[in-house]
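For clarity, chains are labelled A, B, C, D, E and F in written order, and residue numbers in each chain start from 1.
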Amino acid sequence: MSTPHQAPVASMSEFNTSLPSIRRIQGIIREKSDVEVKLLTGDDINGKVLWIDDNCICIESGTGSVKTIIWLHAVAYIK
Amino acid sequence: MSTPHQAPVASMSEFNTSLPSIRRIQGIIREKSDVEVKLLTGDDINGKVLWIDDNCICIESGTGSVKTIIWLHAVAYIK
Amino acid sequence: MSTPHQAPVASMSEFNTSLPSIRRIQGIIREKSDVEVKLLTGDDINGKVLWIDDNCICIESGTGSVKTIIWLHAVAYIK
Amino acid sequence: MSTPHQAPVASMSEFNTSLPSIRRIQGIIREKSDVEVKLLTGDDINGKVLWIDDNCICIESGTGSVKTIIWLHAVAYIK
Amino acid sequence: MSTPHQAPVASMSEFNTSLPSIRRIQGIIREKSDVEVKLLTGDDINGKVLWIDDNCICIESGTGSVKTIIWLHAVAYIK
Amino acid sequence: MSTPHQAPVASMSEFNTSLPSIRRIQGIIREKSDVEVKLLTGDDINGKVLWIDDNCICIESGTGSVKTIIWLHAVAYIK
């Protein structure tokens, strides 16, 4: 998205945090880890996870801090 | 769609606006931001988001303001 | 389908017509607009929308008015 | 499936027959129409529809009356 | 899976056995038919169906009786 | 994920353990078997299953014990 906008706070929406997958992603957000997100299209998106919710995960990457909203159904894996 | 038609108002349908993904898309609609929508087919559709609902997202693009109704299940990401 | 059969009436099945996507498609059916339907396989099917229901959308195309029943889960976009 | 087996009767399972898509497929079964089934893999399977249920559609094709059980989620369209 | 393990009994889990697709697969398990399973990736897996449940189908194939657990959402067809 | 982090315990979350697929995966976790996970993208990920939950399966592979969180909807099969 070319226009600057008020970046949403890294949010820990009310998930089932008993699930290891949710706990892992929340850890990744807290630690601002660099991750590789592989999509079902074969695309690789690298950067930091800003937030995750029921539909999407938002990755901030590159110098211009470009924000990419990825639909979870399109995610193959996160490494 | 080749025939002109009465363009629906940019609509903020009743979503769970507590979700960051919905708030982001609503911001994109309000700001009439230019976005890139990447599909699971590998297609890229660039333009402005007219509306989003439970099934689809509508992008207006190009000089002829062509309207493309994209099924959300086919969306990989929005940037 | 090679055998002629009684073409179903263009039907406006009981959908959630408050959704812009449903209203758009119903408009396309009423106006008998020519549309391009892009599938997740990459196929393009051009023609007129005869009907849509919870599972499928039916496109009539070409001189022989061939009817194609497309599963909605296979649709990427309609333009 | 290489071993002969007792072919299930062409069945009209209890679907929501108010839907045009279900009525169409039931018509195809009754009329023993020859159809082309395009899959999301790009495969084309031609033959007669033996039955359809919530999960699958069964196509009988070729001289050896080979029966193929296709998962509906893999179907792009039927023509 | 490289390590030998106690093969689960060919199981007929409590499905809706009124559906032709479930009856067909149960017949295939009983008859130990050789089948071809085509995946959405384009892969072909040949062998005998050990079991099927709500999530997966297990195919035993090849001399080393390799067991492959296939997610049903990845199955295109069984022949 | 490049930063070390506290590896979650191999967890047997409360699944429907009557299903053969869940029992199989739990056996694989207990036995620390080496498995091949084939994704719908065509990718192959080899390693040991650390945990599985409703959304994802976590594979630890390679010398650097890289942890890959794979969405179950992207899994074709495990062998």
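Just so we're on the same page, a contact is a pair of C-beta atoms (placed from the backbone, for glycine too) under 8 Å apart; a residue touches a chain by one contact, two chains touch by 3 or more.
Owing to the predicted nature of the structure, the values given are computational and were not obtained by experimental measurement.
Taken together, chain B and chain C share no touching chain.
Touching chain A and chain E together: F. Superposing the C-alpha atoms of chain C onto chain D requires a rotation of 60 degrees, rounded to the nearest 5.
Judged by shared residue numbers over all numbers used at their interface, chain D and chain E contact each other through mostly different positions, with under half in common. For the pair chain A and chain C, the distance between C-alpha centroids works out to 35 Å. In terms of their C-alpha centroids, the spacing between chain B and chain E amounts to 40 Å.
Between chain A and chain B the centroid-to-centroid distance comes to 20 Å (mean Cα coordinates, whole Å).
Chain E has residues 39-40, 73 in contact with two or more other chains. If touching chains are joined by edges, the resulting network of the protein chains shown is one closed cycle, each chain touching exactly two neighbours.
Following neighbours round the ring, chain B first and chain C right after, the list reads B, C, D, E, F, A. Of all residues in chain A, those touching chain B in their complex are 1-3, 5, 8, 11, 13, 39-41, 43, 45, 51, 53-56, 58, 66-71, 73-74. Residue ranges of chain A in contact with chain F, taken from their complex: 16, 18-25, 27-28, 31, 33-35, 38-40, 42, 72-73, 75-79.
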